Each structure stands twice: as C-alpha cells, then as structure tokens.
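Each of the two complexes below includes subunit A, the first together with subunit B, the second together with subunit C.
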Partner chain A sequence: MRAVVFDGVVLGLQFGLLGVGLTLVYGLAGVLNLAYGQLAVLGAVVAALRIDAGAPTIAAVLTGLAAAGAVALALDLTLMRPVYRRRGEDRVLLGLLLMLGVAFIIDGVLVWRYPIEALTLRIGGDPVDVLGTRMRTGSLLASAIALGVGAVLVVFLRYATAGKAVRSVIQDEEGAQLCGVSPARVRAFVFALSGVLAALVAVTRSMTSPVTVNAGIDFTILALIVAVVGGLGSVSGAFLAGVLLGVVNTVSAHYIGTYVTTIVLLGAAAVTIVLRPSGLLGAGRE
Partner chain B sequence: MAMLDIAELSAGYLGEDVVHKVSLAVAEGEAVAVIGSNGAGKTTLFRAVCGLMRPSHGSVRLDGRPITRRRAHDIARGGLAYVPAERHLFPEMSVTENLDLGAYPKRPSPERRGLVLDLFPRLAERRRQRAGTLSGGEQQMLAVGRALMSNPRVLVLDEPTTGLAPKLAVDAYAALEALRGHGLTILVAEQQVPLALGFADRGYVLEDGHIQLQGTSAALAENPGVQQAYLGVA
Partner chain C sequence: MPRAATVGRAGTPAVRAYAPIVVTGALAALLPLRYGDSRAMMGVVIGGVLFAAYTIGFNVIFGSTGQLFLCTGALAGLGGYGSAILSDRHGIPMVLSMVLASLAAAVAGGLLSWVAVSRSLGVIFTGIVTLAFSLSFENLLLGKRDLTGGETGLVVAAGSDTFLGEQVAPFYVFLGLVVAYLAVYRALQRSHLGWAFRALREDEIAAELAGVDVKRYRVVAGTLGSGMIGLAGALYAHSEGFISPRTFSFGEVDVLVIVMLAFGGIGSLLGPVVGAAVYTVLEEWIDSFDEYRLIIYGSVILVLFLTLPRGVVPTVLAFVGRLRRWWRARRPRAPAAPPPIATITPR
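Now for the complex of A and B:
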C-alpha cells in the first residue's frame, strides 16, 4: 500500500506541475490553453531532435524548454491579441477555440514531420530506498524537479514584487492597471512561462517513460482536470490537486484496474467540483 | 498652469458618446468636485481621463504633459491615481499587500505606508486581513490608501461614498480634507452634492454628458437650479 501511495505522490507531483502552467494562464488571461499538451510535446520533440543531433542532454533539454516558451510567447503576442480585447465569456470562448486550432496545427505538423520521434531520458543509478520503498532515480529526479519548481513559483508569487503583480492581474485586472501594472506584459510573461513549464513536464515525464509525438492531447486533458480541481488560477491548488489525483490514480490502478483509472480520475474530479465549484483553492491565492 | 487639464473631452461606448466635449481644470493643491445625478456621465468622464477607456475627442494633460490615449497603467505610473467607485481591490490579498501594490513598480516606502496608516488607523488594525473580508467603509479606506501609496500628483475619486452609511460618508470626506491639507490635488465625482460642495473649492455640474454650470462651491450652493435639483431646496 505504501509503495502504491508513494508512486501516486510521484505521479501527482508531475500532474501538479502539469496543471500549473494551464491554471496560471487561465486565471490571468481567461484563456484555456487547449494547445498546452502540444506545447509540451513540441518542447520534447525539439529536445529529442537535439539529442539525435548529438547535443549534450542538458543543452538539448534547455533548447526544448526555450522553444516551447518562445512559441507560447509568440502566440500571446499575435494570435491572442483579439482575444484580450474581449471580456467575459466572449474572451474565454474565442481563446479556447483559437487554442484548439493551434493544438491541431502543432499536432499535425509534428506527426507529419516527426512521426516516430520520442523523448526518452535515461537517468542512471540504482533504485534508492525512500522510507522503505525502492524508488527509481528517474522518478525521484522528476519529483524533485516538480517540487523545486513548484516551491520557487509559490515563493515568487507570494513574495516577489513581480509575482504580486501577476496575482494582482488574476484577482482584478482593472485594479492592477490602476496600480501601474501592465496586464499585457504580465500576460506575455506568464504565457511564455507556461510554455516552458509544459515542456518541463514532458521532459520530467520522459525520465520514467517515453514521450511520443501524439502525447499532446493526454497532457492537455490531465492538465485541465488538475487545474479545475485545484481551482483555476492557483499554483498551490494545482499541486494539491495533482498529488490527490495522482494517489487516486495509482491506488485505483492497483486495486481496481488500469482500464477504469481514467473513469475514477474523472469521477474524483467531478465530485470535487460538485463539492467545491471553484476548486480546492481560490484564484491567485497562494 | 493647471495640474490636471481636461479639454473638450468626449467619450462613450460603441461609438456613442456619453460625455460631450467636457473641459475642466484642477489647479495644483485644489479640490474640485464634479456633481451630477446617476447616469450624467461622471464615471465615463473619469474612466476616459485615467486611461481605462479611449476618449473619442479632446485631450488630457497632467502637469502640462499630454496623457490622452495613454494606457491606464502608464497614466497611473505618471502620477494620476484613480479610485473607482467599485474600488477594484485585490480581494484575496491582505491589506498590506494591497497597499504595497499601490506603490508598484517601486518598492513601497515605509514613510508612505506610515502616512496612509496614520490617515486610516483602521487599516493598521486590519493589516493581515484579506481585503475581500473588510467592511464597505474599510474597503473604501483601503482603495484610497492604495492610491496614495504611489505618492500621486493628482487623486481622482469616483463617488467615494458609494455604499457607505451616512456617517462613514462624512468620515470619507474628512479623510480627503486631511489629504488636501497635505497639498494634494483632488478631483472627485459625487452624487451627494452637499458633501461634495462642503469639501471642494470649486465644482462643475455635469448633466447628460455636458457641463451645465461651474463655479466656486459657495456660488453653486447658492444657485437656485443646483438647490432645486441637488440640494432638496424647493
């Protein structure tokens, strides 16, 4: 049982990291980034191509992260412009549809150009004993990265002046403007950051299992579930939801069966949303 | 020269002007009121001045520099602090965090914070409380306090008494009075005309988006039209 829960936490930290980028962009800009998983895969494919070309792993991974961040930034500065001119439901709907289109385009291009590309990072070393459970080094490294990045993000949002500016736009865009915060700049920053985070999830994921070109949609759906359960706009919420769902996932896979895992996962998400419609934590509350 | 100079400003929604060629000026250290009933265009006028919407015509100058059509965050950094009637606080942040953001992008200075907390001791007591859980009066104090954190040259307030009980409305104007004592230039829109005229040096009467009347507060209070429409004198 303990090992199963442990696996769940490891998986959950990945879920959390996955939800973070999506939740921030939605909380901030009202854009549900349905191309989120495709950005993750894009980063992974770029990294894999660099590795194939003989680049050192670290450099290849950094290139992959930068590529995903750059594409996200470019989307924010171009395609999302008309979206930001709208308010409320109009904005959400247009943003969602445009990003869905982007998802298809990235998916299509990647599958067409690199149909068999996959990113696999082999993390060497023997399994390590953690509280009586043997953990693979890849899993541990992935968890450490997720925890580290999550902690840095929470501290940044809570204490840094720029982080407070991000939260101010999430909580009240007009109030933020009146304080001298430029929503456009904050959005561009967070959009780029979300691209980097998406790619980072693909990278850490590839430490335990290969990330293939068609993994985008799975990433997006998982990110959506995590973000909604955690409360759209909350980083700590995403991690909390990620870990809970991760444990639910492995426990149900172990005791009930892998084939119903998705159903159990969605069920858990649905129950949370019925009990707490705004998610576990509120937007911009770190 | 005027600290805030609004010349022939028109603004509205969906191509339809609500405010028509409004001109008004506020001298340095002066307190000026724009009075008018609900729907007269006071909010539209102020939103156009502070950059939250684009004016369709006219110009705005802050201390001689044109700020027309600049973005709201830019205007805020340039020294015009706007306190909207709906406050627009950050509900999930503490009182202190709200105040600190008022100083953005600079670091909040302790002297400035001290000044605000002296003006509103209530905020000092509630420092750690989330803004969303404050009472209406406290939220109003916080909105004004946040605006003051940037050390603005002009403070523009839209209906600061919105949603306040009569006693709190009087308190709000007492605080503005204290700020004027510090030499701050203030422009305020108000429906509660006696309060506004009791506070301001001069006033403008806005009706249907046009300035109908202007003058010293004393002169406006004596004006039969103003008395009948806004002061409840038959």
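Now for the complex of A and C:
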C-alpha cells in the first residue's frame, strides 16, 4: 500500500508541475493555453535532437527548455496581442481558439518532420530506499525537480518583487497598471516561463517513460484538469490537485485496474470541482 | 460576447423570421444534383449536414445560455451507441430506439446542466466537468468491449435495409433534421425563453433581478440541446451502419463543433450552418495537402479567427445593417423632417 501511495505522489508531483504553467497563464492573462502540451513536446523533441547530435544531456535539456520558452514568448508577443485587447469572455474564447490553431501547427510540424522522435532520459543508479520502499532513481529525481521548482515558484511569487508584480496582475490587471506594473511585460515573462515549465515536465516525464511526438494532447488535457481542480491561478493548488489525482490514479490502477482508472480519475476531478466550484485553493473567481 | 441577430427577436413578422431557414434548406436541397452520383462526395456532404445539426444543438446550450458543454461527442455517442444497441441487441424498433436514446442524451445533458447550475460553476469549470464526462464516456466505450465492440467499433444493422442505407435519401433526412432544428432555434429565440436567454447572456445578475429564473432556463437549454445532439448521433449511427469510439470522440467532434460555431457566429441562427459548410469545404481542400495538412489546418484556424473574431454571420449582418442605414440616409424623405432635438439610439 505504501509503495502504491508513494508512486502516486511521484506521479502527482509531475501532474502538479504540469498544471502550474497552465494555471499561471490562465490566472494572469485569461488565456487557456491549449498548445501547452505541444510546447512540452516541442521542448522534448529539441532536447532529443540535441542528444542525437551528441550534445551532453544537461546542455541538450537546457536547449529544449529554452526553445519551448522562446516559442511561448514569441506567441505572446505576436499572436496574443489581439487577444489581450479584449476583456472577459471574449478574451477567453479568442485566446482558446487561437491557441488551438497553434497546437495544430506545432503538432503538424513535429509529426511531419520528426514522426518517430522520442525523448528518453536514462537516469542510472540503483533503486534507493525511502522509508522502507524501494524507489527508482529516475522517479526520485523527477519528484525532486518538481518539488524544487514548485517551492522556488511559491517563494518567488510571495517574496520577490517581480513575483509580487505577477500576483498583482493576476488579482487586478488595471489596478496593477495604476501602480506602475506593466501587465504586458509580466504576461510576456509568465508566458515564457510557462513554456519552460511545460518542457520541464516533458523532461522529467522522460526520466520514467519515453515522451513521444504525439503526447501533446494528453499533456494538455491533464494539465487542464489539474489546473482547474487546483483552482486556476494558484500554484500550490495545482500541486495539491496533482498529488491528489496522482494518488487516486495509482491506487485505483493498483486495486481496480485497467480502463476504470481513467474514469475514476476523471470522476475524482469532476467531484472535486462540483464540491469546490473555484478549485481546491482557488481565489473564488473564475 | 457577440450579439445575436436582431431579426430573431419576438415581434418581427413570422415570414421574415423564418425565411432564412427556408432559403437555406432549399439551397442545400440542391446539393445532390451536383454530388449525388458519387458515394464518397455524398458521404462528405452528409458529414457536413450532421455537424451542422450537432452545432445547432451546441448553440442552443452554449450560444443561448453560455454553458460550455465539452461533451457534444459523448452526447451524440450516447444517442448513437444507445440506439444501435437497443435496436440490434434488444430488437426494439429503430425509430423507438432513436427516441429512447435521444431521451437518454437529453437526461444526461440535463443532469450535467443541473449540476453546473446548482453549484454555479463558471464557464471553464462547466467545461472541465463536461470534459471529464466526455473522456469517461470514451473510456467506457473502449472498455465495455462485449457491448460496444471496443476500439474495433460496432456494425449497426437496423438501418441498412431501410432507405437510410441508400446513397442520397439519408441526406434529405439529415437536411430535414437541420431545418427542423433551425426552426426550433428560431422559435426559441422568439418565445419567452429566447427573451430570457438574451437577458441572461447580456447580464446574468440583471436578468435574475428582473425575475428571470436563470437556473431553470439553463437546465431547459442543456436538456433540449443535448436531446438534439443525441438524436443526430442516433440517426447517423443508423445511416452510416458503423460506429466506433472515434466517431464520437472529443477530438473528432467537440473540437470541430466549437471551431464551426465560433467561426459561424455564436448565438446566431445560421452561424452553425455557415460554420459547418465552410469547414467541410476547407477540410476537403486541406486533406489534399496530405503530410502537412495539420499545419495548413492550424494556420487556417488562426487566419479565420484573427480576421473574423466575431464570426461570419454577425459580421455580415452588421455590415448589411450599416449598408441599409446608409441607403436610408442617402434618400431623405421629402419634405425633410426637422432634425430631432435629442437622438435616442435604438438598441
């Protein structure tokens, strides 16, 4: 039982990390980034290509992260401009549709150029004992990265000046502008950050199982569910939701098995939303 | 939120209100003259009409009351699989099975809507709950192999030896369905329900204060629209003779329906039809690009929404309205009336 729960936590931290990037961009810019999973895969493919070309793993991974971040930044500076000129539901809808188009384009380019590319990072070393359960080094490293990044993000948002600027724009765009915070700059920063985070998820995922070219849509849907269950705009909420869903997932996979697990997972997500309509740690607004 | 076409408001004469539907139906009825010889082309045309039907159903739910139902495919699948299993396995007459399955879809949609309304879920949250329903349903189809045939799909026999198995006849059945749905949509717009829907969309709190029972109207729209989607799915199962989880999957139905409605114009009468038609033509064209069709597809979506963010139908209607005002202003009625002291712009 303990091993199953541990596996669930490991998976859940990945879910959480996945949700964070999406949740920040939505909370901040009101854009539901439907190309989020595609950005993740893009980063993974770039990293895999660099590794194929003989680059050291760390450098290849960093290149992958930078590539995803750069594409996200470029999207914010070009395509999202007309979106930001709108408010409320108009903005959400247009942003969602444009990002859907972007998702198709990235998917199309990747599947066309690199149909069989996949990123697998082999983390060597023997399984490590954690509280009497043997864990693979790969999953431990992945969890450590997820936890570390989560902690850095929380601290950054709470204490750093730039982080406070981000939170102020999430709370009230016009108010922040009146206080001298430039929403456009904050948005560009967070958009790029979300691209990097997306690629980071693909990288940590590849430590336990290969990330293939067509994994984008699954990443996006999972990220959406995690972000919404956790409360849009809340970093710790995303991690909490991720761990909750991760544990539900592995426990049900272990005891019930097969296809029912997905249904249990989705059911858990739906029930959480119905019980807490603004998400676990949501601020009570959409 | 884009405004609905003003022609639909109660008070416009019935002839003017329903004329666009008659014209659309008559024009579409000519399609088999050109494509009736080719089974493949008729398949494409029928697909387009089917999606117009789905999109009108989705428009009743999302366009009228702002509930983002990301389960159009699942509701259609409930209709399709439900009707197929009832008629083929349990020997229930085909028409009755379609009615029962559509009712099941209506009840499912109504329940989802009721949950969303009673917990006052926002747009995105309603979207995720219905998305969860959608993905669960898809998994259920894949898992319940003995009932649904799993991934391989299900051959539906009941409709094959009726006229639904012919080449052109099913087209007219679907066209009839779309015309009926359009009429239902317009009747809704003109009824007290339509007033309530509009009030609710413009300003929910104001509508509630004015005595509109927001919750009830949302659930009514959710139930009605879902039933419409379910019936279209059921009809498709019998006319096509084969269904699989892909036929009703999120990626194959919901994504298209949203793109079609947003492109045609949310909350407009003919938006779903225009969206479905343009999309079907574009898809045929894009498919010829083969290996980079996804790239073209994505680019087309970007261009469409960047140039026409409000949708085709509302943009055209606004343009026609402006043209008409300009025309009237050009020919002042003699003798010229004294200029009004204050002008109240009619809304």
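Worth a mention:
The criterion applied here is as follows: the second predicted complex is superposed on the first by the 282 of 286 C-alpha atoms of A that agree within 3 Å, B and C clash if a C-alpha of one lies under 4 Å from a C-alpha of the other, contacts with A are read in each partner's own complex, and residues count from 1 in each chain.
As a working rule, a residue touches a chain if its C-beta (ideal position, glycine included) is under 8 Å from a C-beta of that chain, and two chains touch if they have at least 3 such contacts.
Only a predicted model underlies this, so the values are computations on that prediction, with no experimental measurement involved.
Once the two complexes are laid over each other on the shared chain, residue contacts for A:V274 go to subunit C alone; subunit B is not touched. Of the two partner chains, subunit B is the only one touched by A:D172; subunit C is not.
Of the two partner chains, neither subunit B nor subunit C is touched by A:Y255. One of subunit B and subunit C touches more residues of subunit A, and that partner is C. When both complexes are overlaid on chain A, the residue A:L232 reaches subunit C alone and has no touch with subunit B. In the overlay built on the shared chain, the residue A:I263 is in contact with subunit C alone; subunit B does not reach it.
Touch criterion met: A:D90 reaches subunit C, while subunit B stays clear of it. The contact surfaces that subunit B and subunit C form on subunit A in the two complexes do not overlap at any residue.
Every residue of subunit C that touches subunit A in the complex is listed here, in rising order: 1, 66, 115, 119-125, 128-129, 131-133, 135-136, 139-140, 142-143, 251, 255, 258-259, 262, 266, 291-302, 305-306, 309. Across the complex, subunit A meets subunit B through its residues 161, 164-165, 167-168, 171-172, 174-183, 282-285. Subunit B contributes residues 50-52, 71-74, 76-77, 81-84, 87-93, 97, 100-102, 104-105, 107, 146-147, 150 to its touches with subunit A in the complex. Residues 26, 32, 79, 82, 86, 88-90, 92-94, 97-98, 100-109, 111-112, 217, 221, 224-225, 228-229, 232, 258-260, 262-263, 266-267, 269-270, 273-274, 277-279, 286 of subunit A touch subunit C in their complex.
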